[in-house]
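Here it is: the structure, laid out below.
Letters A, B, C and D name the chains as they come in the text, with residue numbers starting at 1 for each one.
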């Protein structure tokens, strides 16, 4: 059960509500986000929610039987929009493209790619500076200095930044240079990181785990939301299966299902989702048709020379063609 | 290596070619299909294929290193088209819709659904009369009598028929009443069935195995082709994974990859691919964008009363809406 | 619900029982096996089974809520034993080893391996004559002539035979030369084959499907049993997962679970279960400890020269060592 | 390539070696652990390692082509032993049992279970104080205060402690109260955590990821080792598959394969590996036969009342029976 409290609720009113719940054997969690104040209760028995709904200080009350609560569509039918400022809004009325290299490699690379984004009308650039790598001997990214360059160049061109955060201690140092914190597939269930991201007022994109279930992704999002941050997106990036003809199995089914179960925007990652450059555009378009609210795509001016993931990275010509196709589909999707 | 032989090749010429191969330690399989005559050789060592290409009786020669040969794109760049007669052609220039109930239930049901297909301009009806069921106590289909009704009604309305064949002995009794033999996901590696279907001149659609790899699907198709039947389609119907939020994981990646690897038409089965009625249309459209040459969709005048698979079956209204959306996308895909 | 009928039940008594069931809205399937006569009813509503139990002609009645019925432990607590004659019995009191080559290759090979079995005290020899192969160009086995040699040599040495049957039409030609029909992993849900094997009085071993669930394996066994054949074994041979460090993921969990759910003997196939020769013995012993009633192991006098599966085939020295270890464990398992 | 350096190597000697490598286009990583000093080089081209082996300051040199290096068996044939002090050593000559509750719940619970361990001769107690939970609303453990109680009670009884660490900042506060830091399945690729654990001189057990490959587990161990900590164990705890008859698919194959590929001890976690109480003991024994060096098992004085994982937790009677069976098997395994 989710109880939306009035913004000006009196403490005594809140205590009354909690007392009422306790009297019914229900524990409630008190949740403050940037925007709202909620009580979330795990209810195992029948209770007439109308008796709660009538209490002073209650704005609304909803029954939510899912394991996740605040990220559920069951209480919030209207899709969440995330406003990054400067007119950049992620949400249902607009398929948002984010693009950029797997890894930030240096100023020249950032400049070239950011210029391409400007040319293509894309407002958000991706690029890793902290890179999770299976092997300790692989390139692990340029770190915070890389991020600062990334920030300066993008700000000057009016481009927003999404980049991966790998641990709690990085949040503070990254905060000023990031528009969207990305939680990678290996950290989907890094609950301390999720808790900490719940405490900052900055948009967060959570990738589905390597073999994470849809339900687990939604519960991970619930961590961030219930810790206070409503500015959340979900990302389908392919799951691990037995098939070895491509990198991951892009779970196209997950898109309509996430849209049905949650009010949060759903972003596709076709680059990791298939992992084969020549097929990335088709999967991007398919995810758009399936209902995704956006896509995050790897591009590079010279994919063959990229520090990482070159095999799944589009060059500028391929990217421009993709942008054209997306624009054509926009008409149809409406 | 695939050696395409001239249609009028003399026996002595063929023997010369085989002798040349044997002399190089290569075993060749002699393959006659409805349309062509090939020698397929499994070559483990280097040989200059031009020396073969120049021999009398050889039309063309190709190096194919895939485990599958005749179904590979490597020797046949032009996509295969399958002509079912009466202007019904399955291939790349046309997204072909096949629709109908999971199970044939009786004449009234066939009539109603066939009429809807006529109304929607759909030329191929699906419907199972031999039903593979996990439990021996479940409804196993109306059998050959059901097929005869199915045939009579569809013929009178100009509709082609696709239906599943489960074992070799059924091929002959079904032959006259079927336009496309469907091999189900549980029989993808029923090699005796594949061999037998290679010997008939009737189109065949092979579904990918429940957890079959893309490579295995192509090798199963190779069974049919190498036994003599070029009139083949491949079908992606979802794979089994850990995810339980839907029935199967529709492998959208498989579509562009099958199209790249093989010249055969690729058909999507979104009904089994997601298994949830309200999402079937989205997955159909996504598969179209991903490059599928057609889709096979479960529909019923009263899905709630269907003998099987009602939960993933569209009603007529949903179906009509899907047909409209497909028609809109046709313009874009071009 | 399973109703065991008395052997001498009168037709009128059976009709009375069926009438009683019909009166309660219950359909029953009448099943005759080699040993018994049952009525199996799929019951969706509550019924007091004692009222059935008291009727004339009823030997016993059991509530079985599993999807499978006759193979369930719920009505038959005592483990099934399968007597192959000549003192060879497969069941719980004895870990039964079956061994032999992947493929029967010729008389010399059969002789050598059969002699080794005699030497090691092993009573059942495996060997494929009809080989399911992913590629149509691979060796498909020696066929029925190979089986006849296999039979003659084994009979002369007192060895029983288990070999794979791939389609219905082979059953009759193989019948006289086989002690156990093996259903391979690609045919676990070949329901026509299962039905047909239910009609013969010869032991059957059913392998779990390549990605078959435990429940599906039990339902496949139900096909054979409900078609009339109680002489059944289940075989765990590894499932398909994302892991590529070995051939299949041997599902050790399946062994205690199958033993809990069913009264049928459970046989391990460690050769396919791990697919790496040097680890086959460890997996065999682990499956024994986990509760398997036997194992089927690939051996060859020269694994390096075997026509198929050499990489997972033990040589005679390794096999003798395994037999010794099994004998040591027998003491402990008791 | 792994170059073991002499302990008393002169700086000039090390620089000479690095210069030699650089001259051959090879980058080397300089690694100091508690015990040794290594240079690890990722070599993509041929180099005669003997020319390195002869250089001053080199103790030994090994070619290791695996993605992981220092944890590979290829350079260290002798199995690693981990000495926890007071005669508690984990390694190949001894199957080490660790047991305890899923979650630490309070002093009374710790006392009871620790007493049972003393009675059974078990020297290491498990128990979570920081609990990773899919839902933010679930019990997340008693935290550091729980750990302090855990420590005090166990120290007084001569019992060592293994418990999960979830993030870098916890390492310091936990350090004094822990004998083995456990990295959970959701953190197997939390590379920051692995790096940080490499910098402490305390034993570490790394669980395989929920769908982590064997190779990824070994590379995660490489993180810890290459950051300086050789006191490492690997843990197989089951992987995620399509099968739903149990909690996870215990990958028995992983045990002999990890033992073959790495010199590190391999511990089985049968509680999570099957997740069904009545089958836990069988899987423990099977893993022992398969070559595991130990097992970590969930036990509780009242499993039905455990705060978490009760369904897979043994009671004391079951545990005592398991200890007896392990002792019986010890004789055989020798």
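The rule we apply is simple: contacts are C-beta pairs under 8 Å (C-beta built on N, C-alpha and C of every residue); 3 or more make two chains touch, one makes a residue touch a chain.
For clarity, every value in this text was computed on a predicted model and none was experimentally measured.
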item: Pair joined by more contacting C-beta pairs (B-D or B-C); value: B-C
item: From subunit A, the most remote chain by mean C-alpha position; value: C
item: Subunit B and subunit C: spacing of chain centres that average the CA atoms, whole Å; value: 33
item: Subunit C-subunit D separation of Cα centroids, rounded to whole Å; value: 38
item: Rounded Å distance, subunit B centre to subunit D centre (Cα mean); value: 49
item: Interface hub residues of subunit B, defined as touching at least two other chains; value: 211, 215, 240-242, 244
item: Touching residues (chain side subunit A, partner subunit D) in the complex; value: 29, 40, 42, 67-69, 132-137, 140, 166-169, 186-187, 189-193, 195, 209-212, 215-216, 219-220, 222-223, 226-227, 240
item: Subunit D residues within the subunit B interface of the complex; value: 211, 240-242, 244
item: Contact footprint of subunit A on subunit B as seen in their complex; value: 211, 213-215, 239, 241-246, 249-257, 260, 273-274, 276, 278-279, 282-283, 285-291, 328-329, 332
